[in-house]
Structure formats: C-alpha cells, structure tokens
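First comes the structure, then the notes that go with it.
Per-chain numbering from 1; labels A, B, C, D, E and F assigned in written order.
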Amino acid sequence: MNLLRFLRPSTIASAHCDGPCGVYDPAAARIAAEAVLSMEKKIAALGDARDLATINTRTRFIVIKEQQADIVKKELDILWHDYFKPEHLEKYPNLHDVFWKAAKAASKCKHESNPANGEALLKAVEEIHNIFWATKNRTDVPFYRANP
Amino acid sequence: MNLLRFLRPSTIASAHCDGPCGVYDPAAARIAAEAVLSMEKKIAALGDARDLATINTRTRFIVIKEQQADIVKKELDILWHDYFKPEHLEKYPNLHDVFWKAAKAASKCKHESNPANGEALLKAVEEIHNIFWATKNRTDVPFYRANP
Amino acid sequence: MNLLRFLRPSTIASAHCDGPCGVYDPAAARIAAEAVLSMEKKIAALGDARDLATINTRTRFIVIKEQQADIVKKELDILWHDYFKPEHLEKYPNLHDVFWKAAKAASKCKHESNPANGEALLKAVEEIHNIFWATKNRTDVPFYRANP
Amino acid sequence: MNLLRFLRPSTIASAHCDGPCGVYDPAAARIAAEAVLSMEKKIAALGDARDLATINTRTRFIVIKEQQADIVKKELDILWHDYFKPEHLEKYPNLHDVFWKAAKAASKCKHESNPANGEALLKAVEEIHNIFWATKNRTDVPFYRANP
Amino acid sequence: MNLLRFLRPSTIASAHCDGPCGVYDPAAARIAAEAVLSMEKKIAALGDARDLATINTRTRFIVIKEQQADIVKKELDILWHDYFKPEHLEKYPNLHDVFWKAAKAASKCKHESNPANGEALLKAVEEIHNIFWATKNRTDVPFYRANP
Amino acid sequence: MNLLRFLRPSTIASAHCDGPCGVYDPAAARIAAEAVLSMEKKIAALGDARDLATINTRTRFIVIKEQQADIVKKELDILWHDYFKPEHLEKYPNLHDVFWKAAKAASKCKHESNPANGEALLKAVEEIHNIFWATKNRTDVPFYRANP
C-alpha cells in the first residue's frame, strides 16, 4: 500500500462522520444553565451569614456556579462549531451572534451572582434550542425545565 | 465566635442543599448513551477496511465510545447517590439493582462493540428516566432520542 | 471477513477483560477520604479569622475538600459497578446499601465541614476495604492511614 | 446588610474582571496546533506497518492528535467569547467567521490524518494571532513555531 | 484593615498547610503502575488477532495504558514537589534522579507495550515507597500488589 | 507472527517518538504563571470588602489562582521529565533543582496570595525558558509577557 492511499480520506469515513457522533442536544447546555440559576438563587438565599457552615456552602455554590457556567459554554461551543453548517448559517444569518452572546451571558453568571443572569442565560439556551430543533424539523422536543 | 458554632451545620444551608444544586435530569445520561450507540453503529459500518483513514476513524470512534460510556456511568451514579433518597428506595425496592445493571450495561458497551449493547443501555436509561420523573410527579417530560 | 465475525466478542478479549484492568484497590478511596478529613480538621483549626491569608487558605481547603470527596465517590463507584459481581452480592446482600451510604457519607463531607463526617467516611471506606479483600481471600493487606 | 446590596455587582469587581484574568495569548492554541501537525506527520511516517509496536504508537498518536485538536478548539473558543468585545467585532466584521472556520479546521484534523490539515490549522491560528495582537497594539510578539 | 495586613501570610495558615492536605501515599502511584503492567500483559495476550472485537479491546487497552502511565507521572510529581523538602534531599542526595528516572520509566510504558517496562516502573515506585515511608519513620506500611 | 516480534519496539516508532509529539514550549507555563500573578494582583485590589459581589469575585479568583498554579506545575513537569535528556543534565547540572524550586514557587502562589510570589514564579519560568531555548540553539524566541 503506498502512502498516497494512506492520506486519502476514506469515503466511508466521511459519509458517516461529519460530527464526532451525530448526537447533539441543547439539553446538555440547558441542564447546566439550570444548575447555574439554582446556585444563584441559593447563594442569594444564604443572605450575609458569616458562620463557617454558611461560608462552606457559599464557597461551594460559587465554585459549582463557575463550573456549570463553563459547561454551558463548552456545550454551546460544541453545537456552534460541530453541528452547525454553512447552510444553517444562510438560514440563520445571526447564528454566530446568538452563540457569542449566549457565551457572554454565561460569563456574566460567573462574574456576578444574580438569578437574573441565570434567567437570561436560560433564555439564550432556549433560543438555541428552538433554532437547533427547527433545523432538524423536529417538533416533538419540548423545552422543559428539570427544576421549574 | 466559638468553635462549636463553627462546626454546627447551618439551618439555612441544610434547607437549600440536599443536592449540589437540585437540578437532576436523566437526559444527560441519555445523550451520552445515544452517542455510545451511534459509535457502535458507525464502527460496524466501517467494516474491516485497513487503510489509514479508516484506522484513524475507527480508533477515534472506539475512544469516543469509551468516553461516552464513562459519562453514562458517571451521570447515573450522580442520580443514584445524590438524587435518590431512602423514601424513593422504599417505593422502588429494586432501585439499587436497576442502577447497578445499567452501569454494567455501560461497561459492556466498552468491552465490546455491538449496537445491541447500546440499545440495551438506552433501555436501562429509559427505565431510570421513568422512575425518576415519576418520583417528581412530572408527566410532561417525554423520553425522546436526539438521533432517532 | 463478514460483518457477523466483526460483531462477535472475541474469546480472548472476554477471558482477559472482565474489568478495565483487573487492578482494584480501595486504597485509592481511602487516600482521598483521608484528605477530606485532613481538610475538615484544618478548616476547623483556622477558626473564624477574616484576614486575606486565612480567607485564601479556607477557600482553598473547602474546594480541596469538595474535590477529594468527589474522588472518594468516583473510586467507590468504580469498585461497586466494575469489580463486584453477582456472586459477591449473594455473599454480601447489603453490598448495594454499603456503597450507597458511603456515597452519601461523602456528600455530607461536602455539604458540611466537620471532622466527624470525615471519620464516618473513613469508617465506611474501611468496611468496604474489609469486604473487598475478603472476596479476594487476601489477609495481607492492612487498613492503615497515611496520616494517622 | 439588605439583599439588594448583595446582588449589586461591585464596581471594583467589574473594573478588574472583564475576563477571568485578562491574560490571553494565542500561543496556547498555537502550541496545540503544532502538536496536531506533528502527530499527522509522524502518523504518515509510520506507513502501514502492522506489528504491535507500530499499532501501539499509531493508536497513541491518533488519540494525542484528537486531544490536541480539542485543546486548539477550547483555546480559540476562550479568545472568541472571553477576550473579544463588540468594539473588536466592529473593526473585524468577519471575526466570527474566522473563529468558526478555525474550529472547523481543527475538526478536520480529527476526522482525517493529513499534515496538510495541520498546516491549514496553523495558518488559521496565525491569522487569529495577528488580529489579536493588533487589537492590543503589540508589535513585539512574533508568530514562531516551537517545532519548525 | 489596611492592605499590608492583607498581604501578610497568616501564621495559622503556614503552620497547617505545608502541603495541600498533608496526606501523601505512594500507593496512588503504585495502583496506576499496576494497571499499566496489567494492560501490557493483556495487550501481549491478545496476540495479533485482527477481528473487530480484538481491535476494540487492544485500542482500549493502549489508551488505558497511556492514561494510567500519566497518572503514575502525576502522582509521583506530587510527591516530588509537594511532599519532599530540602532536609529530605540532604538525606537522599539522589532523590531528584530517582523521581526523574521513574517518570522516564512511565514514559517508556507509553512509547512501547512490554510487560518488562511495567515491572521496571513498579520497581521504581517501590523504591520511592521505601524512601517515603522511611522519612516518616513508618515501618507498618507494606509494599503490596493489589494484583499479584 | 510470533509473540517475540510483537514485543520488540519498532525502529520506526523509536525514531519518531522520543517525546509525545516533540512540541515543547515553556510559553504554556508562562501564560499560566501570568494568570496566577494577575489573580494575585486583582485579589489584593479587591481589598477587604465583604459584600456578596466581592465575595463572589474573590472566591473565583482564589480558585482560578489555584488552577493556574497547578497548570504551571504540570507544564513544567512535562518539560522536566519528557523534554530534558541526560545530555542536557550534564550541561545544566542544577537542572533538577531549577525545576524543583519552580514547582515550590508555584505551590507558594497557592498557599498565599501575594503578587511577589507570582513575580518570583515568572522569574523561575523565565530561567527555564532561557535554558530550554539554549538547548535548541534558538535565539529567535523572546520571553514576553502577554499582560505586561
């Protein structure tokens, strides 16, 4: 077998592998966004108590909020650069901006601690959910909250 | 402030923190299980070609299958030990076994490469989906596949 | 080579691979549980000082406690669903419950900061250590603490 | 202290925290892109040998290529949504597209194994390097390769 | 409170924090080294079969070997730069070299697939085990193998 | 094919794989060290404010400092045990000590929060940068700061 054949992308591979697995679902970003919102609400509910138990809880919640906001960003990035194709961009010309602003909404949830930010993030994820399932002509996937 | 007060769990904290965030959703495990199944199907579809392009693709798919099966296990473990409480166990006495067998179904997807294993894993995740939402009295959350 | 042969699990593979590697050791969970306990003791020893150096230290210790408790849960989950087999369950009918409660003991170490929780977690890990090595008929592996 | 004050973003914080740390450098993406290219070259150099030593090496290289391409994507995503601001977008109206195509170039390095893809990826990273440092008016940062 | 006091390292902190938690145990490196050796043996036992089941298994084992060798390196690095202090170096002047060569032994386990490399790595870990526990005057911690 | 041939390291492999990819660059450690320093400065700039917004920011910055210091250690460890060879050690007999002290400088950045520690860490990284590029006879790679 010569080297040229080695370097040629196989037809089988390209027919089956336009993504890592073809399984995309904005629910992954939605779950993490809900966790961000939950943390923001619980941090607010802790008030300004200064005993160790509250400090332990508040610290953990700030860190979990940070991690979950990171997961939202990562999950949205995957949809943005792996799932969406040029033909989707033609149909949704503001697609890049929708994702960019959603990522910035997730950053805001890290920089501050305010349930309004988590609600805004969930709105951004819902908008992406709607675009995503429309590109698949799927009308059977509701946008629900696990923690309404 | 004396040390005793420091070590006392705060009432506020325990009221708000029965889980890390209270947001649980078997959809996280379902998405990963779908990715496992997708990889099993694509690995089978590659046949026995031995050129570099196919080896590159097959290797990646085996590794992605491994990672996604690990995610299924981790997401199910979170539901099992963080969400479910003794009162759920009373109502679903075989709860432990359901989760244990689901984890073993995920392991089987790693040890072999066979779409039948991925289908079995998805069935196990669906059973957990049904138990989970029943404990929450939620009838509005369908079990769908992102990649039907 | 036809597809059927591709999908058949190889005898060699199944003879050698009942686990990812066959190397299991509850010591991995024990080390992390000791780290949790150490953090709980050091957090208590910091008292209620509010200067930046102490805040830096307390915050780090809370986060390290969180991470190490997560490692305990992950290491125990591996033993539970990868090492233990139906024949072990027959001999130890409360096996599931032992692991479930150990995971909940690790969660408690996250939700609160109290050395008593770390001691309880180490007791749970020791019980699993004893069951584990008994299933292997090994009497030469002591349960020691690296940090007594 | 009332809750309103709690939820108000602190002026100090917003003055200092427009990013997680204000330290951005496309060199992080460049190093990973070089690793991808190196793997592609070494995989090609292995030819079609089928002995275990070569299989071990080829498998590792495909996996390392996958991981490094993921790092490129992650590092570029960070620049895209954390560093770049609306005023940069005004000056570089194709900014979104530059990043989107760079991410797709990284994906191509995963889907295939061809040094030409790694070279294209490095070109995309170099373009981002040039835009990035221009926005900072820095002319002292050369685009070099660690492995020329 | 003025800034100077903020920047002063607290005496309490430095008394309690000579390491992240004071819990070190070479057993963590030993477990991973055993997993490396187990993979090397199982890869050899697979022989040169080329069916999909064997390819799936072999690929997984090479990747697990890679990951476990990385864990060995990371666990040894932690001991080397976090636990060991200048006074230990005085007593064990070749300490740096012992760790450096152990890391290179772990690399060799990645680059090749040969049980002799895993045995050499375990020997290196045992040497570190002996030095480590000698610095703690602990004679009650045996060097055992979980998978003898 | 017999087993002996399987276990023989392939000449091709050893010619191409003396490192994971041959791409090493101390810039990776430098970027993380800059992030550590940036966090130390921003933490100091927050002063002793106790409102929730500042607590959120301070907690995040302490955690980011911790993570970035860990990245510095990991990136330096890679250079130390993967890139540097015995011939380098002959030319730089204090090489081990340079790396050991750099790792301890990173630890100090975790244990305390003081910009002087970050500056010291950057000095240590710069020393390694100089040694590294000298071993490659590269004089075209400046040591710059992304965030001067």
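Heads up, the rule we're going with is that a residue touches a chain if its C-beta (ideal position, glycine included) is under 8 Å from a C-beta of that chain, and two chains touch if they have at least 3 such contacts.
Only a predicted model underlies this, so the values are computations on that prediction, with no experimental measurement involved.
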{"item": "Selected pair, out of D-E, A-D or C-E, that shares over half of its residue contact pairs with B-E", "value": "D-E"}
{"item": "E-F or D-F, whichever has more C-beta pairs in contact", "value": "D-F"}
{"item": "Separation of mean Cα positions, subunit C and subunit A [Å, integer]", "value": "30"}
{"item": "Chain centre separation in whole Å, for subunit C relative to subunit B (CA means)", "value": "19"}
{"item": "Per-residue multi-chain contacts in subunit E, two or more chains", "value": "1, 6-7, 9, 13, 17, 20, 44, 47-48, 52-53, 56-57, 59-60, 63, 110-113"}
{"item": "Pairwise chain contacts, counting only pairs that touch as defined", "value": "A-B, A-C, A-D, A-F, B-C, B-D, B-E, C-E, C-F, D-E, D-F, E-F"}
{"item": "Subunit C residues touching subunit B - in the complex, by the definition given at the top", "value": "1, 3, 6-7, 9, 13-14, 17, 20, 44, 47-48, 73-74, 77, 80-82, 96-97, 100, 103-104, 107, 110-114"}
{"item": "Subunit A-touching residues of subunit C, taken from the complex the two chains share", "value": "43-44, 48, 58-59, 62-63, 66, 110-113"}
{"item": "Contacting residues of subunit C [partner subunit F, same complex]", "value": "50, 52-53, 55-57, 59-60, 63"}
{"item": "In the complex, subunit D residues that touch subunit F", "value": "1, 5-10, 12-13, 16-17, 20-25, 27-28, 31, 34-35, 38-39, 42, 45-47, 49, 51-54, 56-57, 60-61, 64, 68, 140-142, 144, 146-147"}
